[in-house]
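You will see chain A twice below: alongside chain B first, and alongside chain C after that.
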Partner chain A sequence: MAVTTQARRGSPLDVLRRFAQRLPVHVALIFFALLWSIPTIALLLSSFREPGDVVTSGWWNAITHPLDLSLSNYEDVLNTRDMDRAFINSLIITVPSTFFVVLVAAFAAYAFAWMQFPGRNALFIVMVGLLVVPLQMTLIPVLRLYTDLTIDVDMPILGGRVFGTNSYIGIWMAHAAYGLPFAIYLLRNFFGSLPRDILESAYIDGASDAGIFFRLIIPLSMPAIAALTIFQFLWVWNDLLVSLILLGDPELAPMTLKVSSLVSSFGTQYQLLTAAAFISMALPLVIFFALQRYFVQGILAGSVKG
Partner chain B sequence: MIGRRWWTPWIWLSPALVLLTVFLFYPVVNTFVTSFMDADSAGGIWDLIDDPDKFVGLDNYEFIIDNPRPLVSNTHAALYNNGLWLILFTGLTVPVGLLFAVLAARVRYEAVAKSAIFIPMAISFVAASVIWRFMYEFNPDVGTVNAVKTELGSASTAWLQDRGSPQTPFVDAGPDSAWGPLQVNNFALILVGVWMWAGFAMVVLSAGLKGISTEVLEAARVDGAGEWYIFRRIILPILSPTIVVVATTLVIQALKKFDLVWVMTGGRAETDVVATLFFTEAFRQGEFGRGAALAVVLLAWVVPIMVISIRRFQFQEETR
Partner chain C sequence: MAEVRFENVTKDFGGERPAVKDFDLQIADKEFLVLVGPSGCGKSTTLRMLAGLEEITSGRIYIGDRLVNDVAAKDRDIAMVFQSYALYPHMSVFDNMAFGLKLRKVKKDEIRNRVEVAARTLGIEELLKRKPRALSGGQRQRVALGRAIVRSPAVFLFDEPLSNLDAKLRVQTRAEISKLHLRLGTTFVYVTHDQVEAMTMATRIVVMKDGLIQQVGTPSELYDYPTNMFVAGFIGSPSMNFFEGTVMKDDGGLFLDLPGFQLPLPPERAPDIEARAGKPIVAGVRPENIHAREYTPPGTRTAEFESEVEVAELLGNETIAHLSIGEETFLARLDPRVQARPGEKLPLAIDIERVQIFDRESEERLGEAKPTTKPA
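Up next, the complex of A and B:
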């Protein structure tokens, strides 16, 4: 939270007093963050432990026996054949899916928030109400549709499959659709909270809908778009179910599929799972930190007079 | 705003409309039809067109209400557990996320502090479930929670199996074969859900928090308002639409909660929720009609939730 320049100055006594005032915030925050991190730390330490250790003694023993730790689990996961290819596949699946969801949802949210048309509320209820649909419910109908509508062309790229199971377009569309209800809901709320004056004055000045959308709505809603991007990326990146159903071809398998087959083909290999969890977590965390710069206080500052 | 052609909104909506119709709306209609059909109806609408005899009326819904096979598929327990998830999961996750978003915004290490809460969301749910199975492990040499509990002088609890009732985390009444309203295993599962989803509430609320103009906050401080007063009277009201969005999303997550329960307990020891029971019925037992009826029960919950959020949006439009 911004501290005014005036407040920053002051005698050393003031500085001390302010520090004492803020101390409970720091203590609460750090205590809470540590408490929340216990399972994460447990997972991290387990990922460095030997296979047998994980099931016979608690993770805290790793702290007292640091010499027993090794990187072998990470080596095992990374040296799995085609793991690099699976990483690339995960990227190819996740990046366009995330982009489509944000863009398509932003279009729809703009219409819902700032346009009048008959049936608006009913349509909004239906669209966002679809959020409640469990994914498992859609799998059989979608799979049936994909099988019926498979398009193959004689082209070397994408394995020749344009649409259907085992096609990138097919999985992008599925992920985009599954992400839309939440994305529309979130963005409609943020777009709707923008002040009417800004948009109306732009409209009176002759700006088109597209102009208003790209020059005003999107820049002013960056915190919400950043939050949405973080989650959409994460959900698609960690998805196992949709890939399992729509991507049977091992050439196209993302990391989640690769890891799950790794774990099941060797029995229950918890230690590989823990290492894989941290490897696959790295990229979403980078996105999280990279997008933090859009979480800036007072993004609307100066946009409204008075 | 005025002066648009009537079809302009539909152009903006069309990509979303097409995707949602194909991938979500059509399966919903299909499921609704299937819920009135017999067990062997994996094909849904298309099966009914081929063979109209598959229509069984309200039989599947009667099954849910009468709960004739409580030991195999306890529909009452699943419905009750969903209610428990709905109240506790949402009621705990929103305050935790809000508290953390507000506190973290006041320090310079905001991003690092927030990442501690965010990381559980980034861990794949399979890995998260594995680590929590170890956290809840009965053997206190392995299970973190029981290690702490035995250290404090209590006996170990089988957190994921115990349905002893009445039971609190501190008084172990031992396992009980009957289904009870205060099963410790349900609370243990919900806690994992809160752990995973608090980061979601925090990130979205944090985004909302950044939309509050700094002028308003500074003006209040200059006027001598205390921090608690600012939180209650300025931050909370401005943030309330976002809180509604977060709470609604979490309520819906609670309703369709599947993966966590499925991986951690598989619905055993009466931890089934509607979504896991739906999955068991449809894909394990081959009871497609019954599974579909359970899914429709889930869908029905959404109507009151959406009516509340629409009211909220209408209020927003009148006041902006």
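Up next, the complex of A and C:
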């Protein structure tokens, strides 16, 4: 054991040589990482600066005068510009839109991957074909459909109508419909790559389709489901277009709409825009860091063969 | 515990020919039946139809007295061990083994008890808390066996369970599966492409080719009395040598005229073969029935000839010689003391009592089904 450890680590000279060999790569990586982070860092620092400083000096001056930073911009944005309400609205829109897509796509993908039914392949091809339809093309038909199907009754608690434009259910359904083709495609391919033997073994062990789905497919597909959740969450969270068309009411508007209206009404007040932008970035960052471990987890290692 | 019955079972995937055709077989209770054949012969499809993983195109399958054509896999009271082990990767060994019992709503204490007994039987008690990825191939195979055992099914199905193990482990696991069969006293149906596995474990073997049963019999029946050239060539390693020739008759009796040498037949073979005089046949000789002349076992009736050595592989306990006579090449399993050098002529002796004779056209073995040669 001692010998192998020694051999693997090598002498101090070897360690030094290896470090020297990798140094250029590391320096380059750090350089590019910093370069790519500069806009975000600038945004973050500006959001903490006084209004006067923002317009008179560059954001890098904040580094030399750290005591000048304050949370006043955030207070302003959240309290007087209704950004707090917009944050809640974004959550109300995004969480169900993501949840529905992942749930429905997982059921559909299981059926497409593992169940036999007539027309399965044709249906799947149509599904995949929908991927090429540009979202913009659908806006007018969808809007007309929503107008025709409007249920003009107040939605309790959440606000807005039950269905139609200015309705949370309406926008959930729109986001779900836009997200589903890609979601089903992604999950079907992942489910299809799961070893057939495992599912057959469970089937012989006595599991029903539902049992196989919840006890095997879902736990084994967590990397794909996590990836899809992040995609869909970010897509809906960052969406401006669909909200702009279907949610005109400022009371129901998500943060993207609010930030865009801040741009038009406070075009010169950068300190407020930066704070608002950073609030809208915060949650996606949390989601990403919470789920990113699934990307690297090789959960399937060891299931079949050796 | 149950017998299994196939009645004219056919499976057609819509290809050129059915994957399995008119499969008719009765498997007795507690039997260890091995389905063997080259890849694509329909053996796995047959097993999967029995398991309920594949629909039957026509025919009937019974487990015990129950017709199971339309019974779901989970209700057939079977357990299956897969080539890939098919362990659930996110569950511990214990949960893998308990999965089927949990789904059947067995009480917790009972599950624990049965898993522990099975784990002890297989020597995997220490592994119960581990995940499959932390196990070696052999250990995974044991867990897969354990998962089948805890359910105490009426029939165990094995689909090439040893193919992913290394050679040494395969020999060891082979013996363990045989022991398990004796201990459990349950019907085993085992699919393999490896005739050695079939010969060593089976109480009966079914040899399949192109979806058809070629022969059903005990290992020694298949070895000594193959019904046709396919079975003769498939069973035994190295496989049987075939020489094309003609049956001839002269004053001395019957003999086979083969390229490069002649093979007199013992008089007791005459009734089977006489009518074939002048007709083309194929003579089948197993490598171990060709001896170096100086080491021929005493009392063996032989025909003598010489042949040129191409290659000789000394294995310690025997020498596998690749020999040629005219255009024909063949193998002989010789005494290791023989000095067989490439290019040299080697004096040989064929045990004429153990020569098999096949019709060249139908490839069927000539002679009665009952022994015409000495049993091994």
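Following the convention adopted for this analysis, the second predicted complex is superposed on the first by the 198 of 306 C-alpha atoms of A that agree within 3 Å, B and C clash if a C-alpha of one lies under 4 Å from a C-alpha of the other, contacts with A are read in each partner's own complex, and residues count from 1 in each chain.
In this text, a residue touches a chain if its C-beta (ideal position, glycine included) is under 8 Å from a C-beta of that chain, and two chains touch if they have at least 3 such contacts.
Here the structure is a predicted model, which is why all the values come from computation and not from measurement.
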item: Which superposed partner A:167 touches (first chain B, second chain C, both, neither); value: neither
item: Which superposed partner A:138 touches (first chain B, second chain C, both, neither); value: first
item: First, second, both or neither for A:227, with chain B first and chain C second; value: first
item: First (chain B), second (chain C), both or neither touched by A:198; value: second
item: Partner chain(s) touched by A:73 [first = chain B, second = chain C, both, neither]; value: neither
item: Dominant toucher of chain A (residue count), chain B or chain C; value: B
item: Which superposed partner A:219 touches (first chain B, second chain C, both, neither); value: second
item: Partner chain in contact with A:125 - chain B first, chain C second, else both or neither; value: first
item: Intersection of chain A interface sets (partners chain B, chain C); value: 195, 200, 203, 299-301
item: Residue ranges of chain A in contact with chain B within the complex; value: 1-2, 4, 22, 25-26, 28-30, 32-34, 36-40, 42-43, 46, 54-60, 104-105, 107-108, 110-112, 114-117, 120-121, 123-134, 136-138, 140-142, 144-145, 173-174, 176-178, 180-182, 184-186, 188-190, 192-196, 199-200, 203, 209, 223-224, 226-227, 230-231, 234, 238, 240, 256, 259-260, 270, 273-274, 276-277, 280-281, 284-285, 288-289, 292, 295-301
item: Footprint of chain C on chain A - complex, ascending; value: 195, 197-198, 200-207, 211, 215-216, 219-220, 299-306
item: Residues of chain B defined as touching chain A within the complex; value: 1, 4, 6, 8-10, 12-13, 15-17, 19-20, 22-28, 30-31, 42-44, 46, 99-100, 103-107, 110-111, 113-128, 130-132, 134-135, 141-144, 147, 195, 198, 200, 203-204, 206-215, 217-218, 221, 241-242, 244-245, 248-249, 252, 255-256, 258, 275, 278-279, 282-283, 295, 298-299, 301-303, 305-307, 309-310, 313-314, 316-317, 320
item: In the complex with chain A, residue positions of chain C that touch it; value: 51-53, 73-74, 78-80, 82-90, 99-100, 103-104, 131-137, 140, 147, 151, 164
